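Labels for the chains are A, B, C, D and E, by order of writing; each one numbers its residues from 1.
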Amino acid sequence: MSFEIVLNHTVGDCRLSVDFASQVPRIAVTGPSGVGKTTLLNCIAGLITPETGKIVIGGRVLFDSTERISIRVEQRGAGYVFQDARLFNHLRVAANLAYGERLRQAGHSGVDRERIIETLGIGSLLDRWPASLSGGEIRRVAIARAVFAHPRFLLLDEPLSSLDQERAAEILTMIEHLGTAIGIPMIYVSHQPEETARLTDTILQLAPR
Amino acid sequence: MITAAEWAIIQLSLKVSLVAVLGTLPVAYALAWLLARRQFPGRSLLDALVHLPLVVPPVVTGWLLLILLGRRGPIGAMLEEYLGVTLVFQWTGAAVAAAVMALPLMVRAMRLSIDAVDRRLVAAARTLGASRWYAFRTITLPLTLPGIMAGAVLGFTRSLGEFGATITFAANIPGETRTLPLAIYTGLQVPGGEGAVTRLAIISILLSLAALLVSEWLIRRSTNGRSHVV
Amino acid sequence: APTGPVILGPSSLQEALGEVADGWAAKGHSRPQLSFAGSPATARQVSAGAPADVILLADELWMDRLEIENLLAAGTRRALLGNTLVLVAPAGSNTGVADDLANLPALLGNDRLAMADPDTVPAGRYGRMALESMGLWDKLARKVAPAENVRAALALVEAGEAPFGVVYSTDLAASDKVRMAAAIPEGSQPPIRYPVAMLASSSHPDASGFLAFIASAEAEVIFARYGFTRLAER
Amino acid sequence: MITAAEWAIIQLSLKVSLVAVLGTLPVAYALAWLLARRQFPGRSLLDALVHLPLVVPPVVTGWLLLILLGRRGPIGAMLEEYLGVTLVFQWTGAAVAAAVMALPLMVRAMRLSIDAVDRRLVAAARTLGASRWYAFRTITLPLTLPGIMAGAVLGFTRSLGEFGATITFAANIPGETRTLPLAIYTGLQVPGGEGAVTRLAIISILLSLAALLVSEWLIRRSTNGRSHVV
Amino acid sequence: MSFEIVLNHTVGDCRLSVDFASQVPRIAVTGPSGVGKTTLLNCIAGLITPETGKIVIGGRVLFDSTERISIRVEQRGAGYVFQDARLFNHLRVAANLAYGERLRQAGHSGVDRERIIETLGIGSLLDRWPASLSGGEIRRVAIARAVFAHPRFLLLDEPLSSLDQERAAEILTMIEHLGTAIGIPMIYVSHQPEETARLTDTILQLAPR
């Protein structure tokens, strides 16, 4: 089973309750702002420990509160594109890209580095400091950094926000390719139905409660 | 220009201060990290202990060092027995005294930087496969470099100027423990010694100026381009 | 009560002078304000115009300087107290009793002789003079641990860091953690003199009265209890 | 418990240290800001000057103060003539000595915080109608609060422990300039005075512990909830 | 004349060259990522001084290099929604909103505070620290902060990115209302043609050169 996400968690006033399972390789997560989408991704990445629940991705149990299993963050193998990008400001773009790439030889490695850099249009930015990048450039570098980290699965939190439609379409194609050709499971948070529709039919709709 | 005797004093002072600062850096950083990030019983006490050399007059610190690290002291006796190390009356003793006096300054500066680290970046590093330790080395440590540098400069200048604890613990032995401040003090003790004192004081100031310039240059080099301007 | 005169004194006179001040206060005067620091610091404060009334130093050298600068009230300077030097060792030690000071260098071995800085601090300069007159200085010069002041030298002996030390006999009298290792022969004792004077700038009505009291027989008893000798009037 | 004489010493020490720190805070902050944000000729020199009291032995600093601020000194004479202020032998002199010794520590800590301020936030404040000065007060100043607090704590503890410059500049006058460290030193000069010294040293430590706890509490209160966790 | 924007400026490899004038109350700015849209807004807000140029908005000359005019940032009266939000982390949401509101009594004041807070759905967030907000919540607070600052004109840098479509539509209506009913000139950066189309026909298209 590709995805099994069962969890209960509360942050502040937000009670997140998910019970979802699916065999598809890619799912989309939608829901109004503040409903808990980012919180869900953080739980899957291991940055937040849910109160109760079970998380299985690509057949690998990442978390199970009844079995007291909780794989460590760095071993979960997420390729996480954060909503707030989180580039390392003290490293140049090239070093940001290399950060995860160097660390995990394990996961998938069928990514074509050169082609991704070209699709993302960040070839000319490699020597730059993150502080000098434009909003969309930051986003594209963040995508590359996550993809280069030999991820076992991808968590994409509105990865294409603040990108022009042409470029967004190209990148979406690339992401799609990572899913189909290389077979990386993927959770895609977006507010754009057109985007999600291209990637998957399976949508996890979070609703406030 | 500078006499041979003055050169010897400068060299001794630099040796003592450098050893003191380099030896203390990792200890200070570890303490700063503990105080910034961990809650544990006795945390406030440790904090107070670190600040102790600031609060207690240096001469008393030297006296405490004598009691603890002297040859008959609990730690000093062990050092001598197992490592064959004697500190009192040795330049190493002067370095220990300088290190103890510099410690609180270094810890504070580093802690300020550690507190300011954006933990979201550490979290991001972890998702990319970094162990806690690797994330510490590659994210936290470089991000706290300004604090480390500030701590090192404070510690170095404080070490260069350390007097009371040194003279009490390591005495004022020419060539062994008579560092710049002790030589300056010695000059001040005799009427009319002000000329020699002024020379030595100017040398001290130039040394610290050099340390400041080097550190500023290092900080600038290492943080260049990293921060947002508008 | 009005505040008493300001008296600047050397650290080594702290207790004795305190008691003398008590005696003066017992006579119905307001107690003098005593400030103790090293002689150089004290002398420099006076040079800078500090508002004090009476100054006592462990050292003629600095008093000379103040006199040259015309800071002392004319005719008030005198050598008040005398002291002697002894060789001390830690109380429990058995590192040999150096009856014969000549074998001190041998007894020291690789250890050091604690004394106040022989180049600068009064107690150290006196000690050096004594050792020179005994012909021992050449052998000992490189084995000295120069301390900030005589009390710090005493502390080094008390802590056992130095097997021997040269201190004032007043220090020996006051510490129970050291014992006398050897007396320094009379002929080798340097002239240790604590001068006293009133400052030219003093305007306190009690200043000259207290100056006279310091030199009185009543004060002499107190000073003697701490091991100081009263020097005869010049 | 604590004798009346000890109370008097504690009160004097607190007065001296508080006045020293509160008086120095704005000066230190202004210097830190200048050094962090402005490029001007003589900047390195100013930096060195600020660090001077660290490098030069405290006794020399006291001596320099005596030369400058003594009644016969260039500044001291003016202070006396125009303001009727004498510093030597007064608690105000002890406060000045403590302030000078604390200054470099305070400047460094504050500068570290000022360097770390995200200028994009200041720019945002300006677009919202804030003048430079208003943006400074409402953005830069609160964001550098940790540095200000760290500087204040360092300065306060350093002031509490200041000895060499004080005894040289302001002398050791009971009730006026005999602060805790001077009282401790005085006790140390008396063989067998270790008991009194220990009591006073413990009092010093407790005072600084209290200062540390208060500052930690203030920092925690003022930065609570402000930083990102994951 | 509502907008007159003539400027030349270079940052890094990016040469920005604009020569544009229009009478409409609202304009949109589009162009690929990294073309200089944010740089343009920064020039208008006064955060960057262009090498040469002239900027007139709502009839008020903000900058003129030949006349050596450059109104100070705080006097330009921008209501700037930054691409990177820039909430004040040391102030609670309510204090963030009040920041500009208190400062400028001058500019437009026809804004209905309560209705805007309701439209943006941030009424329950007033007591919160910015660090605890979700991505979309941050964006909404940033919009309110800019609008509350009695702006003479609005600079909106992808204000609706990372908001769900329903909410985005409501906010767009509100923004439109600010433009039409109260008459605040507005420069709107977006990659979504539907968004810009609703606001204006006048599009300043930046192209890389």
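Operating definition for what follows: a residue touches a chain if its C-beta (ideal position, glycine included) is under 8 Å from a C-beta of that chain, and two chains touch if they have at least 3 such contacts.
All figures in this text were calculated on a predicted structure; none of them were measured in a lab.
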Revision key, fill the gap. Hopping only between chains that touch, the fewest steps from chain D to chain E number 1
**Study point:** Chains contacting each of chain A and chain B, listed by label
**Key:** D, E
Practice item. Please work out which of C-D and A-D is bridged by more C-beta pairs in contact, and write that pair. Key: C-D
Check your understanding: Based on CA centres, what chain would you say lies at the far end from chain A?
Key -> C
Practice item. Report, in whole Å, the distance between the mean C-alpha point of chain C and the mean C-alpha point of chain E. Key: 79
Exercise for review: Give, as an integer number of Å, the spacing between the C-alpha centres of chain D and chain B.
Suggested key: 19
Exercise for review: Express in whole angstrom the distance between the two chain centres, defined as the mean CA positions of chain A and chain E.
Suggested key: 30
Practice item. Quick one: report the Å distance separating chain B from chain E, using the average Cα coordinate of each chain. Key: 50
**Study point:** Multi-partner residues of chain A (each touching 2 or more other chains)
**Key:** 47, 84, 132
**Study point:** Interface hub residues of chain B, defined as touching at least two other chains
**Key:** 59, 63, 120, 123, 164, 185, 188, 227-230
Revision key, fill the gap. Each of the following residues of chain C touches two or more other chains, namely 155
Study note, to complete from the structure: Chains touch in the following pairs A-B, A-D, A-E, B-C, B-D, B-E, C-D, D-E
Revision key, fill the gap. Chain D contacts chain A in the complex at 230
Study note, to complete from the structure: Touching chain E in the complex, chain A uses residues 12-13, 30-34, 37-38, 83-84, 121, 124, 128, 132, 134-137, 139-140, 157-158, 161-168, 191-193
Exercise for review: Quick one: which bits of chain B touch chain A in the complex? Just the residue numbers, please.
Suggested key: 120-121, 123-131, 134, 138-139, 142-143, 223, 225-229
Check your understanding: Which chain D residues qualify as touching chain B in the complex?
Key -> 44-45, 47-48, 51-60, 63, 104-105, 108-109, 111-113, 115-116, 118-120, 123, 146-147, 150, 153-154, 157-158, 160-161, 163-164, 181-182, 184-185, 188, 197, 201, 204-205, 207-209, 212-213, 216, 227-230
Check your understanding: Which bits of chain C are touching chain D when the two form their complex?
Key -> 6, 8, 11-12, 14-15, 33-37, 41-42, 44-45, 48-52, 149, 151, 154-155, 171, 174-177
